[in-house]
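Structures are listed in the sections that come next.
You will see chain A twice below: alongside chain B first, and alongside chain C after that.
What follows is the complex of A and B.
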């Protein structure tokens, strides 16, 4: 699957980047193409492009705060979780998503 | 755009020792509780002139603690304070003799603590990018495991300066 997403935590210093790394690494291990935009204390980095969002089968928002630019994902399937889920159990998260997607097909 | 490029280049050149030094590592903390750990590491930041008020910094660290769990897995926690009291954006690292009670993702107690100190007005500097790199490293279970096995301060620095790009 093509997956895009956003990660953001309260302080925007540490958890944002741990969550990003886990989502990408685990996603790749499971054969997905994952791009994560970070919204941290330093601002937005790795901003998702219009093309990437268009090509995405799924959007994962791993955030403990309100993220900006959610309207970009209009019409997309969005999964919203707190960052600790992405950090603690990324594999289970993907498995659950895969299961739900195949069940709804 | 050009500014971004310059930042990237600088990041390559500046090594992690800009934010982590041996003086800011204590592998023999005396603390036996979470609060004592925060106080002891805060004091270390203070005597190394990284913060100008222990009280002010602790207040901001505890504020962040209220917002959510800072314990990761395998005994490692990353409390952090974004604070007016910070003079220099940096990282203090400590290890306790016995694990202390600390909310964590795997419900294990904590014995290694990385306390991030971030200057409020420091939103775009290289130092924050370096802390970000350290955070990214902590996404790797092997790094967490290796942190538990270090014997010297230098090993801590070497481990955290590993290039993860």
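What follows is the complex of A and C.
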């Protein structure tokens, strides 16, 4: 699957980036193509491109706070979670996603 | 219902916008105070650079309630929430309702703006006026008057009550309070529980109560220092407690801890959650209790060891920090099991069971 997403935590200096790493690493192990944009206190980094969003099958938003630019994902399938799930249980998260998606097919 | 309102997310959004402002303002005040500055009373007379710094910091602190309120309203209602949110925060400042008032005002005005956005129907020609005039005006009038005449008083009472409760606390009571605050602040290494304790301490700072802020700073440093102490103990006594990889993590976590960044401990905690979290929480609780009991106060909300000189009792703070960290360190050393070196302790191998049933793909 092509997956794009956003991560953002409260302090915006640590969990944001750990969540991003976890989502990408675990996703790659499971054979997904994952791109995550971070919205830390420094601002938006690794901004998702229009093409990437268009090509994506799923959007993961791992955030404890309000994220900006959600309107870009209109019409996409979106899953929203707090960062701690991405950090502590990325494998379970992907399993859950696969189950949900195959159930809705 | 409550879950749908996402109260926590809005509050956390506000904290994330507020943090850089508090840190900058607090440090300005501390640097200014240390160099002999005072708040400028009259700008028409000449003043010194330190006084300019202190004054800027105090001005910045005054922005806190408006920023909290605006950020909450923005999180709830998007852009139209910002202007009325700022106004509600100013009301909170003016009537002495402080950050509690700012939070409440932000929530009420945010939900009110959201309601107007979704339910107020205007003729086509007036649609352009909605975001520019109608929403800001109606929400400011309605919630503003509500704040001035109805909600303001109880919040002022609550703020005053809390302030006098904290200033009148004695001995053991102070220790208990400091211990709870410290334990909370260390519990999840900079996560949401820590942020709740943080917000509480930052809010009290605005009311001129400095002690909880010192507890917060202490509790952020106990986990990295405590883990480091347990590692040194293990080295000194030739016992193995950490894998090579964990040792490398500790070497990174310690300097981060000096700067008051607790997050360096996360990789070490993640592989041994129960032991590390329990030891860190207990150590921070002991240190926090002592710091509170010894009346250590910090006018600066962040900055780690670098701002210790700006505290009211730098030596007592260091002592409390040391005792707390030692509690964590000794506990970890005694409790932790000998690790198996060849095993890959990368985080992905062990996952906590999580309840993901509430999560839906939309």
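Following the convention adopted for this analysis, the second predicted complex is superposed on the first by the 105 of 105 C-alpha atoms of A that agree within 3 Å, B and C clash if a C-alpha of one lies under 4 Å from a C-alpha of the other, contacts with A are read in each partner's own complex, and residues count from 1 in each chain.
Heads up, the rule we're going with is that a residue touches a chain if its C-beta (ideal position, glycine included) is under 8 Å from a C-beta of that chain, and two chains touch if they have at least 3 such contacts.
What you see is a predicted model; the values in this text were computed from it and never measured.
In the superposed model, A:14 lies in contact with both chain B and chain C.
Applying the stated contact rule after C-alpha superposition, one finds that A:55 touches neither chain B nor chain C. By the document's definition of touching, of the two partners only chain B reaches A:42; chain C does not. Of the two partner chains placed by superposition, only chain C is touched by A:79; chain B is not. In the superposed pair of complexes, A:88 makes contact with chain B and with chain C alike. Judged by the touch definition given at the top, the superposed model places A:64 against both chain B and chain C.
When the two complexes are overlaid, the chain among chain B and chain C that reaches more residues of chain A is C. Within the superposed three-chain model, A:96 lies in touch with chain C and out of touch with chain B [touch as defined at top].
The intersection of chain A residues touching chain B with those touching chain C, taken from the two complexes, comprises 9-11, 13-15, 18, 22, 25, 41, 64, 84, 88.
Contact residues of chain B toward chain A in the complex are 64, 67-69, 72-73, 78, 80, 82, 105-106, 116, 118, 123-124, 128-129, 131-132, 135-136, 138-140.
Those residues of chain A that touch chain B in the shared complex are 9-11, 13-22, 25, 40-43, 64, 82, 84, 87-88.
Within the complex formed with chain C, the chain A residues making contact are 9-15, 18, 22, 25-26, 29, 41, 58, 63-66, 77-81, 84-85, 88-93, 96-97, 100-101, 104. On the chain C side of its complex with chain A, the touching residues are 8-10, 12-13, 15-16, 19-20, 74-75, 190-192, 195, 261, 263, 266, 270, 347-348, 351-354, 356, 359-362.
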